[in-house]
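After this come two complexes, each holding subunit A, first together with subunit B and then together with subunit C.
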Partner chain A sequence: MNGRPLDFGAFSFRLVMGLLGLAAVTLLIMPTLVVVIVSFTNSFSLRFPPPGYSLRWYAALGDAWQLQFAAWNSFTVALWTTVLAIILGVAASLGIARSPKWTAKVLDSVFMSPLVLPALAYGLAALMLFSLVGWSISPVTLIIGHTVVCVPYVIRTTVAALAQLDTVLLESSASLGASRFYTFRRITLPLIRPGILAGAFIAFMSSFDNVPVSLFLRDARTDMLPIRMWQDLEGKLDVTIAAVSGAMIALTIVALVVMERLTGLSRRIR
Partner chain B sequence: MSSATHPPVTQYDLKLALPLAGLFALFFIAPLVLLIIVSFYTDTSMTRFGLDQYARFLLDPFSLGVLGSTLWLGVKVTALCFILGFPLAWIYVRAPRWAQGILMLVVVLPLLTSVVVRTFSWIVILGRQGIINNTLLGLGLIDAPLRLLYTEGGVVWALAQVQMPLMVLPLITALSRIEPNLEDASAALGAGAWRTFFRVTLPLSLPGIIAGCLLTFAASITAFITQSLVGGGRMLFMPMYLYQQSSTLNNWPFAAAISVIFLIAVLGAVTLFNFLGRLARGTAEA
Partner chain C sequence: MWEARTVSGQALILNGITHRYGGSLAVDNVTLDIKGGEMVALLGPSGCGKTTLLRIIAGFIRQSEGAVMVGGNAIDALPPHQRNIGIVFQNYALFPHMSVAENIAYGLAARGETRAAQQNRVREMLDLVKLTPMADRYPRQLSGGQQQRIALARALAMRPSILLLDEPFAALDKNLRLDMQIEIKSIQRLAGTTTIIVTHDQEEALSMADRVAVLSQGKLEQFAPATEVYDAPSSFFVNTFVGASNVLDGVVRGVDGGQAQVRLGDGSDLSAPLPPGIQQNARVKICIRPEHLMFSEGAGDLDGTVALGMPLGSSVVHEVRLGDGTAVKVAGPRDAGAAPLAMGTRVSLRPTHATSVRLYPA
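Now for the complex of A and B:
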């Protein structure tokens, strides 16, 4: 387009953008790479680069029963939270997505508000409520707390999927004599399923990773993985944590690639 | 087509939202109301009402300092995320399809990786035997390891990495909506690359910038794990202050007051960003 052989403005602009973008990519990738490399160390320290490589810390995970116990708790709570978030969240999304009523808009803002409010303040508030009404801390209180902070993810992606749904399809289904439920089951649900799945996946991950709510709503019987790891890190710098992290990163990458194929995840979380 | 009793087939009954509305009324709204009530108790045994807890916070230079440094931390992280995140989003929008796939993975993976894992990696990077110290020692630039962990700079960089996806994703959405012809037109009319960027690209992506800044800011001031692990005991931010008062000292009224003040600060920031967002959308559409 530009006839001039050397455009200093364009050159310097591209250079600056390129360098800053490269810095951003490095910043995003480096920590993950460093953890994965360090998790294969053969030494007792977190020295980087490691003096030698081995699988000993992954093998040590087999005996780390505290971490296994916490991981199992986190997994069960995240699973229940996701199931509840899907049932309640999808129903609520259907109710509010196309409704012209002002109450639908209010409900939408209320349902989304756990995303911006400091979760630690909510955790404390929930603990106060449970102790006021005399419910002792249990997996049930934990799942309730997690559901409140994780359901917004399901609602966000489901409402977005419903908004993109072509209403002509629903109208033609109805005009061909299909009942509302049949139309829902055969037309609406298959079309919004990727949106629901994407939201459910993010809800699961954020429940599994939740610290601020779990911090107040768990006890010794419901030790949670991120909290166990956090407390281990506060105390001593244990290399076992590097192996746990490496395993978690591997699982996350696999889940991410699968969900990207199934649901086009990255388009849905923007 | 729509009768008086049934909404049109394209709509669903708002009653479907009732179960979740019930859950939120009982376990979200009620706890927050209770939190506000508890914050007005004057003593830890919760017998008398008064404004003592708020006075204790708002008249205490230490508490105000904690609030101030928390908000200032949020500003610094947001600025760093923007300076690095905007070029990344700009490159993403112009990249070929295969590169977009890789870049998206790079952006989304940290978002889904456990925060404890991401923070842990910064402990490895910034530690005395970490990658930065070993590189600098190896190059002979320093004689002894620098103290990078437990410094505010360390917290800012770690948080910037942890929260960067929240900035980049809305920016990508905003930048990909800009009509490419507008930038071409600007160039054809003789504006240089920098001028086109500051006069066309940046103003048109303002809604995305504001959305990204809001998410990054809110997430970084509440990032309990990263703040406490990378910051260590020397730096105190609002989330840890709240946690110490409630769990270690069992002072629920004061912890509740800290929570309410923190909530108000966050809501204030959200309102400000939303207001700016409305202004920006007006400008972007005009």
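Now for the complex of A and C:
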């Protein structure tokens, strides 16, 4: 670049890292591309590449009442889960971020544990607990189960946002005569809102395509989209599933762009 | 237009304030009696307890002992938001998600004043700090000096009984600093608010404050008008911390009435007012400010050679090495066209006044 001899170490490092990165990106994006391309097929099989292209399978989604029903269930459960996760997660974060005590650190780890705990094990455990206390399986138990595994995302991003919040601003607010609640409403909440929204978005997405917890905690009437998709695919290799996937990918991309604009999502979920 | 208010600020009394962090004393039995409308500086090096005192007055920490009284009432039981004490923080702490106008209105809104009252007050305060065109800007769009004036306007908008300024000029560059000092002082005069300014910068304290409280290691060393702190420091710490001072070692050789004869390390003698508690043959620290030493035409009290001469615009500073190697600084006005004395010139020095030599126990 500036006439210095080529540094072989640096060059080979960049070469290897570049190739690894390329391989990772390819592995991530290729399946998505394949399923999107297949969803536009005009044939009755999931073969790639498709013999021809059409929108027939997207049109078929309009009649797929079972899928629609499952999607609506997944959506409402994800919505309730997100609302609960925000309320519980923000409250927990406020306590964790403000407390210097060791108990706060322990609780932080406890609340985060669903991230590392196998969700299948948790699903089974929750099912046993609910039957032990005599609660029958219902959408309510399903939402509780989802909330437990989705709260960590809200806590993570909210604690991070609170750590960025300059405590002098809170003192400044108090010195101007604002009560703690007023300070929370006008200073704390607006300043950590992007962090909360980022966590809520991830919580929503993670609830929407959760399989392991839903497997155990849904009742027969509550058909969930990811499970319905798997069953359809297993039974009849239905091409509408590719169309559902295509639609979900499109919606996710739109939501990601919106959230990135609103919250700077990518900066908050490292 | 901002009308000069005849109501003077409230008196602030700190009565025997002591504060411990764990086992260590951060503030040690400090008593200050500050008059309404007065501007007082808490001056001291970092760790002297001045910031702890500020936080105690604001209510962010509760003192271990003692009482804080505003206008005759103890406020120790009140939480910060009920004290009506305005603070301008070192980094200004403007709310980044609010416009300038919203920042200034914040305290009034928190108290539930009407929108019209808020807007009137915002207009008044912007006028006071001369930033009316900036009302709709956000803090990040303002310069450091502008942010500071908004922080001041925000604190004054709620008509605080006491105003606290925490190292207010530390973040400003040097040229802006003097302008802001003059500005804030005149705004404070207009508003008549009792003001405490916490600073480690002695020039700032001396130029801004009516009275200066010098703190060291949690203890109040001296509380007096700025000029008195400089001219008649009550302790060795104050003498060396406030303003520059030459420090020499000596022994009291003779006492005559109120005067002491002191023998220096190089064998020369100086005469100085005798402070109470110092006896014949006592070892002493001798402080003489550079501007209180002058070159003597004839034989002076101290003989030495010029080691360095530095012209500083309106003044000139020489470093003179005495017989025993001790270096002293001599400052004086510089005549137009005059060059500093050449290195190696033999000179004789004497104090400008007998009273400008000060003795402290060694």
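Rule of thumb we're sticking to: the second predicted complex is superposed on the first by the 256 of 270 C-alpha atoms of A that agree within 3 Å, B and C clash if a C-alpha of one lies under 4 Å from a C-alpha of the other, contacts with A are read in each partner's own complex, and residues count from 1 in each chain.
Here is the rule we go by: contacts are C-beta pairs under 8 Å (C-beta built on N, C-alpha and C of every residue); 3 or more make two chains touch, one makes a residue touch a chain.
Please read these numbers as outputs of a predicted model, since none were measured by experiment.
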Between subunit B (first) and subunit C (second), which, if any, makes contact with A:G199: first, second, both or neither?
neither
Between subunit B (first) and subunit C (second), which, if any, makes contact with A:A104: first, second, both or neither?
first
Contacts of A:P31 with subunit B and subunit C, given as first, second, both or neither
first
Of the partners subunit B and subunit C, which touch A:P190 in the superposed model: first, second, both, neither?
second
If we overlay the two complexes on their shared chain A, which of subunit B and subunit C does A:Y182 touch? Say first, second, both or neither.
second
Scan A:P50 for contacts with subunit B and subunit C and give back first, second, both or neither.
neither
Check the residue A:A174 against both partner chains and state whether it touches subunit B (first), subunit C (second), both, or neither.
both
Between subunit B and subunit C, more residues of subunit A are touched by B
Under the stated touch criterion, which partner chain does A:E234 make contact with: subunit B (first), subunit C (second), both, or neither?
first
Of the partners subunit B and subunit C, which touch A:L120 in the superposed model: first, second, both, neither?
first
Where on subunit A do the contacts with subunit B and the contacts with subunit C coincide?
171, 173-174, 180
Which residues of subunit B touch subunit A in their complex?
1, 6, 9-21, 23-24, 27-32, 34-35, 38, 83-88, 90-91, 103-125, 127, 129-131, 134, 157, 160-161, 164-165, 168-170, 172-173, 184, 187-188, 192-195, 197, 214, 218, 221-222, 224-225, 228-229, 238-239, 242-243, 246-247, 252, 255-256, 259-260, 262-263, 266-267, 270
Given the complex with subunit B, which residues does subunit A contribute to the contact?
1-2, 7, 9-10, 12-14, 16-18, 20-21, 23-25, 27-32, 34-35, 38, 45-49, 88-89, 91-92, 94-99, 101, 103-104, 107, 110-111, 113-114, 116-122, 124-126, 128-129, 132, 144-145, 147-148, 151, 167, 170-171, 173-174, 180, 183, 202, 205, 208-209, 211-212, 215-216, 226, 229-230, 233-234, 237, 241-242, 244-245, 248-249, 252-253, 255-256, 260, 265-266, 269-270
Any idea which subunit A residues touch subunit C in the complex?
166, 168-169, 171-180, 182, 186-187, 190-191
Using the touch definition up top, name the residues of subunit C that touch subunit A in the complex.
58-60, 79-87, 89, 91, 93, 95-97, 106-107, 109-111, 154-155, 158
